[in-house]
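The letters A, B, C and D name the chains in turn, as written, and every chain counts its residues from 1.
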């Protein structure tokens, strides 16, 4: 059975939307980070899908994905560090607690 | 070499003055005064020299549209030049500015606090004014225009009186609003100035020569530029910065602002809006004739019921400056000549007015005419000067106002259709209203019994005040008694503009 | 492999060199070495600027064209390193303070990394390299924002920054993945430009463009992707704020231009023209509206910079060499003006801890020179002649109207009207310093030498950048040399 | 003709003005007074020489074949509006200007002299002389104007001198408001004048009097039959120009300023508000006479205005208490007389009239004689006021014993104005009435009635001052005749009033320069003389000795008396219009509109921006999740909106 590109794209987009939804609704920052990871992964997935289906002759998408994963890892590490800092200073990782700076 | 050009010195001298002031301390009043007096005298001398030299050149057959032209590439990619040149009108305006800067220096002899900063901004303001009048490149012109606007904020805000913060902000924002439209207009003119494939130019003379701007664009650009300059010319309904601003400004600033800065508006209107966009000027003049016509009458009537001396003058300026724009829109030589003469005349007399009001206020500490009376007895010198200024304002022959207004009326009457006629007659009626409010003030302020016994101990003008006022009065009477050379100079300068307008009429 | 091609990467190599040097000194030298750390970095950056400017390029492209070094990019890098130099000078006092003493090496290293990232971003002609540059320019900044360890606001700012940054990266990557679908298999800018021209318009491309714009808009803090800006600027250490507000914005703007004009120029009117209008108008207006009610100087500068970003992006709309030149010039002027303002803000904050606008009341009595410099900076930001800001604004307006499009003309009208609002709030600062009758709240003090140098340079820049046209000419020639054909030039 | 004298005539007074005005504060009174008097005396001498030369030298510039010519002694460009419309400052000599030179300088000199005594103790003596010199300069410039614009220029200057002199006692609020009123009312009239000039010059392309008057038909054709609101533009122009004259000459309804102008020093009233400035309107009509002749409507208008004014002023004069006001209304009435006289004249023969230009000549003649005797009366009044320190006749009575010189000269003045032979007024009035009767019986009859009223109120005044009953105050403060500086002018003017009637005026002044031989029209003379005598007898009956007849008459119809006394409420009407309507409604509402609508709009824009700024602050909620929602929705919206736009 020849699966069309849509079979791959749709889950990827769903993943992305889930990520966005998660970011918006979750209160815990770590959960938000996970949601972000979902979004990044969905983008990576897209690259791979497009590479595989549209341009099977080249590897650019794949390579891009590798780099993106690395970057995502760095981002997560940094974010976790900052979350720990926050936890230290206010004893919570609820995102709703961090809204002193506004207007 | 750029400094070979005479005109550049009109900018260089103020810049040097600013440098000199920068070296002074705020406490060393004499040094500051010395810099200011030397600088403003130099400027005045330069202006007189330029005027004489210009007339000689013209007399000897120099018939180019602009003399002393010079052009130095500035921003080459955008074809921006520092281009200077003057015709008779600019020469006269330079003269006016120099006189008022000179008089203003003496009028603010005892400014306090921070005299150095005051004169620094004051000089920056005059740099802008001089630069504006010598420029023939729209970009530099606009730059100097804005240079002249901004110091007003600090000058009024810091050294002003009354609701100074509000007024300063209002004045600045409204004028900047005007210049926003103006900038857009100038950009439009610039990009449409060249024929297809040609190099667009900011140079006014070249733009006028090429006359390439498409009529549909002209209409838009005319509205933008005219409104832009009109705001500074206190055109109804964009005049409300003027009463508040003038009321709160310190003396010398009111003088310079009403005396010269408001003229930038009128000058720009004909030099850019009308000259460069003649077709639109012909088509759309009627809109602005209505607005300026309203200005004239409206300003005069408003002035009738004001009680603050400066408000009275500010509204009177609305009326008189309305006359300037009104006359310019008549698009014929005589009326436009009248407009320039009105600019000169209004500049001088309103500077005199504000100087006197400042002096009176400095003594009585009130500007409310209901709180004063019979000052003629206490300070006869100032009283007489005030009366002379008043007479100039209401158009007494022998003083400058009459000459200007009559030229405007005669010129405006050359357009024979009913629309113009009605508005001209409306404008003429201002001479009565002007008399009403001037005499009202004179009657309440100077004549009659002394209102407040505390005023009896006040002193009359001292030497620098006398010096400042006499300078202005001599000029006012000079124009009023011997107007023809000025009129001829202006008329000659208008020839190319009129030619452009007539070319645009078809 | 021909290693000589890396000679083209001279700017990056220099930054890398400085980075290594700082790292080594920081790690191995004693207290004496640490003392000279900041001055050394500053001097080296200055030298780097000169080097980038005068050392001839040893090649055009590296990594098969993923990296391009031409005159325009070098000019841009010069501008950035000047800014970097000024920021380091300004940060000196804060860096030397007791809280920071042990970590100043880290601070400088992180800064240098971001600079390196920006350089890459500017020179990137391939999306992979671009993403690497972008991320290395923005991730260390999160650490920098959080640098003030003992201040809660710093952490809050950092978490907001990092979360939004990652979110925007995700959006950008998503957008790029769609772009990839249209690209014909190559993420080179030129190839994408080619396939976009040939390809059909589709909704997906619109989404891709919108996402890319959003991703870049985050860096530039364009509305509505700007919401992190104020909070982060407020919470971050002032030197970092200064850095954020000028350098990362400048680099992003350049990249924005290159990507949208070089890559997607062909679908300008089909796809992103109106997006850009919406974003620019929103940016300028919303930035202004927020700025006018701010009381905290750093927040105030944040919204001011949001609004300024709108003007910067205006240069993109011209889409020609003139636009790019004016934009770069604008950035340059913006660098000196904004850093001038930040110099005053941060020196006052360092000395007295005061940051509210009302604290500036009557400043001229106690600190006339600071007030003077701040006034000039405000005037320049507001676009008032004869200060540089006026020229940068007018030149950018002139460039934008060069296309003759009525829509752009009206866009300029909106921008011009907005200048009135911006003038209002810049004048509020001036008013506080000069006009307000309150007793001065900030006592008289002497700034550090570095700060003085930095501030004086900024003031000089503010006064002379506009009046001295060779800077513009230089940028213009740089742009013209780099893009002889690709960007049609209107005037000649 | 040598231009030195004419230039000096103009230059001397203005030089005096500048010297006394600028240097006056440093001078003693005596120096200032002597300077002023000498200056004016010299001017008068020069003016006499010039006038004499003009009338009697026989120089072909001035007279050819017995016809007097108009001659421009000099005419230099002052301001060129366009190629053709050029304002010159010049010196036009013709019969009327020469006559006016004489009148002005004579009266002015006498007033200078008189003032030396009258104003002796007033502060600002030097200033007073400066203003007098300014006035003399302006008035001389006005009458010798070569073009209508020069006339307008000096017209305004005259107005301002009048303003300054009326308000001379500037500490008195009444003087201040009177001067203001005078200036503004005349200014309003000048607006008409100006517009008239504008219209006229637009069509004729010239300001020059000779050009205008030498060929009035061309003026008529130059308008090309253009009309405005039913009347030809030329009619409009001429009527508007006449409006200027109405203002200066205090014709109804613009007369209200003149009675108030009596707040000025009395010599000033004599000079400006009796003899010279107020006749400027008449002079203007005379100047433009040929042009008026081609516009019948304007001439009729002049007649009607004159006739109404003359009657009105005469009636009001009968009910005034203030002697200067009586004289003021008498002046208004007499000027109106001249106006009617000019109005009935015509520049070409009319069927059944033996000399159509008679009215012109008579009007000018009356101008001349009236200037003399009215100045006499005013100076006499000044002497009286000087003596009793009050303007009201109620403070006088029976003064003939105390002030014989004043009494006799005043009587001569009264007889002259009443038109009793052989005093000068008789001759001029007779010619005027003759001209009116010749044109239409109505004008003649009406004006004869006015002449009768004139005789009545003048003698009412005379009796109330000099007879009636002696005022008890004299016991404390005995009135006496004025010092010689004041008496001398009175005597001189009285003499002139006695003999001026015998001047062969018609030989000298006619509209076309062709001499006309005056002869008395017996029927007219008899009628007017008898009417005058009857009126004088009536006045004698009523006022010679104290009785209750006047009270009875007053009570016969008290409303009328009250109305006449209050000048038929014109001032109240003006007050209402100016204060309530113009100031109260128009100005105030405009000022309100400016502040609360225009300015409020500008402030409103700022407020709207502020409100907008506050209303969107929720966007910056501080919650990073909300930020991301904006972020994401923004990105989607960008795509979506563009999509919608494109599809």
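Heads up, the rule we're going with is that a contact is a pair of C-beta atoms (placed from the backbone, for glycine too) under 8 Å apart; a residue touches a chain by one contact, two chains touch by 3 or more.
What you are looking at is a predicted structure, and each value in this text was computed from that prediction instead of being measured.
Looking at which of B-C and B-D shares more C-beta pairs in contact, the answer is the pair B-D.
Relative to chain B, the chain whose mean Cα position lies farthest away is A. Separating the CA-averaged centres of chain B and chain C is a span of 41 Å.
The distance from the centre of chain A to the centre of chain B, with each centre set as the mean of the Cα atoms, comes to 64 Å.
Chain geometry summary: the mean Cα position of chain B and that of chain D are 37 Å apart. Inter-chain spacing, taken between the CA centroids of chain C and chain D, is 77 Å.
Touching of two or more other chains is recorded for residues 606, 617, 620, 622, 624, 628, 632 of chain D. Residue numbers of chain C whose C-beta contacts span two or more other chains: 159-160, 163, 167, 171, 230-231, 424. Each of the following residues of chain A touches two or more other chains: 23, 32, 98-102.
By the definition given earlier, chain contacts exist for A-C, A-D, B-C, B-D, C-D. Residue ranges on chain D touching chain B, taken from their complex, read 25, 77-82, 85, 87, 149, 153-154, 156-157, 160, 163, 167, 170-173, 176-177, 180, 183-184, 187-188, 190-191, 194-195, 198-199, 201-202, 582-583, 586-588, 590-591, 594, 598-599, 601-603, 606.
Per the touch definition, chain B reaches chain C in the complex via residues 74-80, 139, 142-144, 146-147, 150, 153-154, 157-158, 164-165, 168-169, 172-173, 176-177, 180-181, 183-184, 187-188, 190-191, 199-200.
Residues 606, 609-610, 612-614, 616-617, 619-620, 622, 624, 626-628, 630-636, 638-639, 641-643, 645-646 of chain D are the ones that touch chain C when the two sit in their complex.
The touching residues of chain B, counted against chain D in their complex, run 170, 173-174, 236-237, 239-241, 243-244, 298, 301-302, 304-306, 333-334, 374, 376-377, 380, 391, 394-398, 402-403, 406-407, 409-411, 413-414, 416, 424-425, 428-429, 431-432, 435-436, 439-440, 443, 446-449, 483-484, 487-488, 491. Of all the residues in chain A, the ones that touch chain C in their complex are 16, 19, 23, 29, 32-33, 36, 39-40, 42-44, 46-47, 50-51, 54-55, 57-58, 60-61, 63-64, 67-68, 71-72, 74-76, 78-79, 81-83, 85-86, 89-90, 98-102.
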